[in-house]
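I'd like to ask you about the structure that follows.
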Amino acid sequence: MKVSFEDLKHFLEVQFPQGATFGTLEALGDGWAEMRLAIDDGHLRPGGTVSGPAMMGLADVAMYAALLGRIGLVPLAVTTNLNINFLRKPAAHAAIRARASLLKVGRSMAVGEVFIYSEGNDEPVAHSTMTYSIPPEKSQK
Amino acid sequence: MKVSFEDLKHFLEVQFPQGATFGTLEALGDGWAEMRLAIDDGHLRPGGTVSGPAMMGLADVAMYAALLGRIGLVPLAVTTNLNINFLRKPAAHAAIRARASLLKVGRSMAVGEVFIYSEGNDEPVAHSTMTYSIPPEKSQK
Amino acid sequence: MKVSFEDLKHFLEVQFPQGATFGTLEALGDGWAEMRLAIDDGHLRPGGTVSGPAMMGLADVAMYAALLGRIGLVPLAVTTNLNINFLRKPAAHAAIRARASLLKVGRSMAVGEVFIYSEGNDEPVAHSTMTYSIPPEKSQK
Amino acid sequence: MKVSFEDLKHFLEVQFPQGATFGTLEALGDGWAEMRLAIDDGHLRPGGTVSGPAMMGLADVAMYAALLGRIGLVPLAVTTNLNINFLRKPAAHAAIRARASLLKVGRSMAVGEVFIYSEGNDEPVAHSTMTYSIPPEKSQK
């Protein structure tokens, strides 16, 4: 693990000034990260449930956090593929949590999976897999 | 086509009061819809490019629009699977456009694909496929 | 768990007389199944490695086994979506193993994930997620 | 287009001696390829329909053909991600056809989409998107 929780949290806040929209870093380990998104009306969709894009945004940034924790602060790592299955209706006003785990980190590419939960419920509401492309000049610190 | 452009546009504005975040309906045909998202700083990510979640949100709602144009105003149709490939770096401050086309509409499920473009450029920046689940009691008008 | 290991193994052999091509059932639990595919030349691709389709076939049938173990012998359950990431080059002549786990089983739809390994290696060579559609008249016993 | 129809057809037959299992090249253009798979009992699944793996194998090799037609005979190009939606039940004993189109060809990665049809029917039975990784030393002729 090349980056501390505090450094990554600070990095995400600086890089994504709009970041509260996507979620905040809660925990970080070697090859994984957990993020949390407090739900407000802007995250809801018809039917009063958490919107797909809110979950996709959280999944995407959680994987980004897990990857940067492993390879260092590489802002230009970008998602090339994301697949998500929506499994259950999330609770309407509960926060959602994402746990991202790396499945493989190569020289130019990384793959991981993310489970998303409604806070207080053990059954995942969504599951996503993602590929990130890692630019040649890696950490820029 | 069961729904007019004006009715669908009105429906989306009422159902998604935060909708400008996702995009606005530009055109609607039998089995397809086009939406547009004006980009502001809240849609950018590190590197100054349009964020993945902004594109995923637009793709999702464009497919929703194409589907509702076909089956009627069924607010509770929900995405069950979304897959997206990010193909090229979008222009930083250009609006993005999505064109969604239905590939199949069944009784309880619909599948479609969405191409996303930076305005003024013919090469797609992203391509997405999606499955929507259609609830049993369809149109509620 | 509605089906025993022996009953499911027998069912798969009868339903897929060509089944050795896809793999054989090795273990079955509540919500999961393990299958194994012995590799011969017909499963290789240029470069002398296990082909993508061999891994996709094994993933697909492993998920089918996990699902039927849970819901009963429903031959007409069909895959509606499959997504797979190829993570590492499999060993050329080692058997491959798949472990499928259900993420959600609903009334008409089930979602699961499958890890694939080269026998004797702990790092997955591929990871797949799948959706199965479950026909209305479920078990036919 | 760097490769002729005849050269690619010959290449596929040599590289995949088991290739008839996956399909044969029918047409090739700049950025696209068409392949055909004659269905025998080995391609069927419970319910007497064409199996998912048969369609996935055809989709995979059709995209491989479209890519090699564009970049030259690079045997070690490998699939890194495949996503497929099964749309309709294929006819049981009709051949299936795949038309693959490239969406983007980069230096190290290519993305394309594939439509699969039952011969004699205009509505696609499946739709797939794929990412191929292109090895650094490209054509080896």
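We call the chains A, B, C and D, going by the order they appear; numbering starts again at 1 in every chain.
The rule we apply is simple: a residue touches a chain if its C-beta (ideal position, glycine included) is under 8 Å from a C-beta of that chain, and two chains touch if they have at least 3 such contacts.
Here the structure is a predicted model, which is why all the values come from computation and not from measurement.
The chains touching subunit A as well as subunit C are B, D. Of all the chains, the one whose CA centre sits at the greatest distance from that of subunit C is B. A straight line joining the Cα centres of subunit C and subunit D is 22 Å long. Taking each chain's centre as the mean of its C-alpha atoms, subunit B lies 33 Å from subunit C. With centres defined as mean CA coordinates, subunit D is found 28 Å away from subunit B. For subunit C, the set of residues touching two or more other chains reads 80-81, 83, 85, 131.
Here subunit B touches subunit A in the complex through residues 15-18, 21-22, 41-42, 45-47, 51-53, 56-57, 60, 75-76, 78-86, 89, going by the rule given at the top. If you check the complex, the residues on subunit B that touch subunit C are 80-81, 83, 108-109, 131, 133.
On subunit A, the positions that touch subunit C within their shared complex are 81, 83, 85, 87-88, 103-104, 111, 113, 123-124, 127, 129, 131.
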